[in-house]
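Look for chain A in each of the two complexes below; its partner is chain B in the first and chain C in the second.
The block that comes next holds the complex of A and B.
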């Protein structure tokens, strides 16, 4: 990227806040391409135990064997060139605990993203990931006292193997899909969290992370274990600076909610429109537990993300609330999976998508009640809003039901903003663009309420920004 | 008995002198059948279906039934008595074509066996015969049909001609291990009106059979066509039905399918709307029991604006049966003001039955009203309780509710005698189970 380009974008930083980057001077760099050597290099740099290295190498084998899922997914996946991607970069720094230890340019990046401010406000702990490694990590002392563990993936596996190893790669095995295998082979960064029995976090934990190197895949790995009767809300927000060539982001997020635990996982994603965002997210809910995914996808070239809940214990609950916004050149291929494996389990999916210009949004869902279960319920609603004449939306749910007294209902609708609504608002003095923005915000309003206040304010602003220039 | 593959290789179905275009279409079909791979597990268009169970070479075309047999089948072809015409086929041999009035013949209506139509109206047949198929994954089987088709019906209704009573086609299987390829071609010209009933039945409960049926319906401007299909094969039958409807401007088409029989039945039904103002309805009811598998794939394609399509598929499942409903609505770019709806309701009457629903939408125009809904559940406990409170025994109440579930579709049949016969067919199947 030329200097003048950086200049241009620095000026417009207020309106497009993810759109800036800093010189790259990485202390460790695994080079371009993917081979066993790359994996060994990553493992060496991280000084990992033998079992972690073996896990990575096995995953690489699986990755090489698996086909792309193009028998059902978009052919755009074929444009990912795995041999041109950098799989690991690091400043070579340990995750730092105090703000002073954080390098200046990293600080500056976070300053722009507003992290210190947010922390001052209400955050219990911040795990900010700059490229591969956590650059800044701190928790409030009282959380530590309660025994909450909130660390990066490497630190988690090294320091607390007795806690994390039993669940690591169990909710999403490396064999799950090609990109889960890729992540399992190359993962770095992400958050490993353990909430002890009975601990109920009143405030959410939050991680901000960004992609900052051209051609650089980011493969963070998150594992959250909520022990019996505990509660946690975790938030991740992503903004990525714009680059000329496609960037791959392929995360794996595993949630484990033990008996009567509650996990709420909130994502707000605003990738730049050259990012392939191929993420596997799944939660396991034990007896009486609840796993809730709240997911907002804006930006990226192609997002494929289907948060799922395996309802393993009696009375478990699963929920996915998602908003997707696809603009020109973007394909939001999102959805949800609910796998019912016990009696009295309930699940709820609400998905709203907005397609602008030639944007395409796709809902793919799976609801599975494969066994002789009793009293399970699923409700799925997906609504699509099409803004322009050439906008596109698809819906592909798959529902399998067996058993006694189970109820499954799925409804989908497609609509546009009505001319009357726009006319009415314009009569009241709004411009057509403002009216459209208002109507779109109204369409997702019900879901926006599910987000914490800061996020819903930011989301409304993001939607307004995306709607700019879509009419007229 | 030679196997089906050997049969079509060595003894092409076109033993009679057939036009060159037909020979070519048959050859193309055969090539398609031979080169395309069989359905595989990871094939989206066959998702959830039990692929690989079909052994096509267990079947072969068979000879005509004995006169006594034929007589018995003719007598049993009586589901609709008030009709404009009737055809009866057994094992792909035409037993009768009768009843078309002199008046309709004079008006130019054609109601003929496919073989006769090929001789008498080659131009018409070249334009329509074996030209259309579904895009739902069965190209291989359409190829086999094209290579093998011997029997079927042409119904041609000229411009402005209206036929009030239905034309009723019976397709029977009789001989053990027979392979049949029934074909119904309906061409309704501008403002023509007709209704057709296709009935598929087996002579006994035991005769094993393979059915690969194709139906192509062309409704030109303002045409009104109502096609009803009753699939009542025995449970030793493997059945494929590949049905298409092409609707022109302001055409009104209704498709109604009643699915009762077969061990494994794949029903593909595709509607292509090519003219604005068209209105196409697709209804289906299915009763699945024992180890039956009903694999239903539908496709509503809107290529023209201002048109309506509406689909309602209702399935009731007993025992270890399975149903798959996979429906897709596709609204092409520029097909604005489209109203397209799709509803699938599954009633699980036994905990071991399995209903799969894949209701899909692909929308490329913004000014549309499209929705789909799929529900799966058991009989409503409150409703059952209410009836039992009123003194109705539990089993009777359950029957009433199941019949009520189907009545929504049955009442659209628009022919009281046929509707009643269909009720009997369904009730018969249920009474043994719920009683």
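The block that comes next holds the complex of A and C.
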């Protein structure tokens, strides 16, 4: 096998490991379907302030008014039946601070996924969400002393409104798109993080999202605020068991990097192939600040995700590095948005997609540089790799550049793993699956070097597993 | 039993017959050269032996030490002990030479065993030194942007690292200058021994000055028409392939 099999010091979020569920016994269940009553139920259970409830109800109105974006996106969206989904499920738990306090079935779930083993290894803090609410949340004490806040969305809004309210729903307003509105109406769980001025986290914070119940919608909400001159790396991993019916994951993630702050946000999702994964992610970068998205999309039935950076302050930098792997029956509709709003801002997009068999990948990019700006730069590279002849890949770049000394560089390529390449590798003794896996690893190799080690190892392992599964 | 045996092999591609009742036996410990003009079926033979799926095998058999390999998957044939040094090695972008060879070695290990990285690199570096390859090469993508000579050296490096029982070398000399030819030949000669058989497919006698064969076979129109000692290669070089055509075309 390839290199990755030799190094098995990896974190594990693969579908095989994730393919199990526990009996459902929820203290709080908002029932099936979405109405004002559903929203009021969620808000009551959470004992929310009036303004949060109003925010939710306004978002529901927006959600109901907005059409499905099937004029440009896939018609498969019409197969989401909002009236059959359960919007809130919780055991009524408060996030436990010690692993012993976590309920046994939840504990077993996360232990099977390799948490909190990893927390001990290399994380500064971890949160584990089981269906709607956080089941476990812990951060190293010294960070707490430095004023770092790492809590769930409800706790963040309730205990620290002065910090989070000014930015909540500002980077991604409820009106942004139908699914952002849905999340704004039904959100539960997720991470609210504040890094004080000048605090630089040496180890990443991490969250795990786990769907346990069938017909369930997970709507976590994440807001990270990095105050001036601070630095943070945040990583999220997602799994769900293979249910018969479709499950919906629709998150909103807002990042705020104040002057000279740096935020790196890393996602490795490995949803089972019945999950609709419709996520809105956007960061705002102030003067001299940097927002970097590393986004790896494996699995799901349909993923629509276009992480973006609004480059608001002079000299701000934005980056999106993404890898999407679309296997049979999957559609990865991903991309990036870079909105330049100040002089001397730079952005970089590197997107690699792999389509296997009937798998389909789509790249949508948007780079916006208005006329009044000077010295802005964007570099966009999107490369597609096709394996087997039925694979499909589409690229829709939208670049608007005006203004002086603004430069945009765009490169795109499509390559295939040829039968002759596979034959060559098999002649050396590799199985067909191993050969394809190696070719795919080679295709993403350069990009993986930009990832933290733990994640690149894990990603390689996931790719190996996907490829082995794709050979008959 | 310790032989590579090809018996009455008939192979065609797209309805056209390429190998016609081809037979050849290579005992371990011997180097056989297969020479012949272009389009006579030499490369087809190499690919069929390695299990390429594009060819239609009508009849015949191929065995390695008594074990049938005809119709097996390419990786199974490789595991059985056959290595093919390609005439045109494929480029695998992003996969380093070291990782590729390591993966190929790991694929041969029993379940649960892993490679000792320190010993692996020690051996790899030793063999690269033998082939006068810069050690920096280990990090380069396999064959990606390599010169013809670099590709061929890399084939021989893989061949020696994978320790096959039978080596098929398909026009390894093409694209090599005289210095590279010498180095590559030295690499091959280091591998010669009682436990290994070689089939060296070539167009020119030049390579056989350095890799001196035990037997030379002349191939024409899908079969071996003449065999002889190493000197046959020189005779062929001086008389040319027209001599083969004139002498053997009628008997074909």
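We take it that the second predicted complex is superposed on the first by the 446 of 472 C-alpha atoms of A that agree within 3 Å, B and C clash if a C-alpha of one lies under 4 Å from a C-alpha of the other, contacts with A are read in each partner's own complex, and residues count from 1 in each chain.
One rule holds for everything that comes next: a residue touches a chain if its C-beta (ideal position, glycine included) is under 8 Å from a C-beta of that chain, and two chains touch if they have at least 3 such contacts.
Just so you know, these numbers come straight off a predicted model, no measurement behind them.
Of the two partners chain B and chain C, more chain A residues are in touch with B.
Contact with chain B, but none with chain C, is seen for A:391 once the two complexes are overlaid on the shared chain.
Touch criterion met: A:441 reaches chain C, while chain B stays clear of it. Once the two complexes are laid over each other on the shared chain, residue contacts for A:399 go to chain B alone; chain C is not touched.
Of the two partner chains, neither chain B nor chain C is touched by A:65.
Once the two complexes are overlaid on the shared chain, A:431 sits against chain C while remaining clear of chain B.
Within the superposed three-chain model, A:372 lies in touch with chain B and out of touch with chain C [touch as defined at top].
When the shared chain is aligned, chain C comes close enough to touch A:421, but chain B does not.
Residue ranges on chain A touching chain C, taken from their complex, read 1-3, 5-6, 418-421, 423-432, 434, 438-439, 441-446. Residue ranges of chain B in contact with chain A, taken from their complex: 42-44, 47-48, 333-334, 336, 346, 348, 351-378, 381. Against chain A, in their complex, chain C makes its touches with residues 50-53, 73-75, 77-79, 83-84, 86, 89-95, 99-100, 102-104, 106-108, 114-115, 117, 141, 158, 162. Here chain A touches chain B in the complex through residues 71-72, 370, 372, 374, 384, 386-416, going by the rule given at the top.
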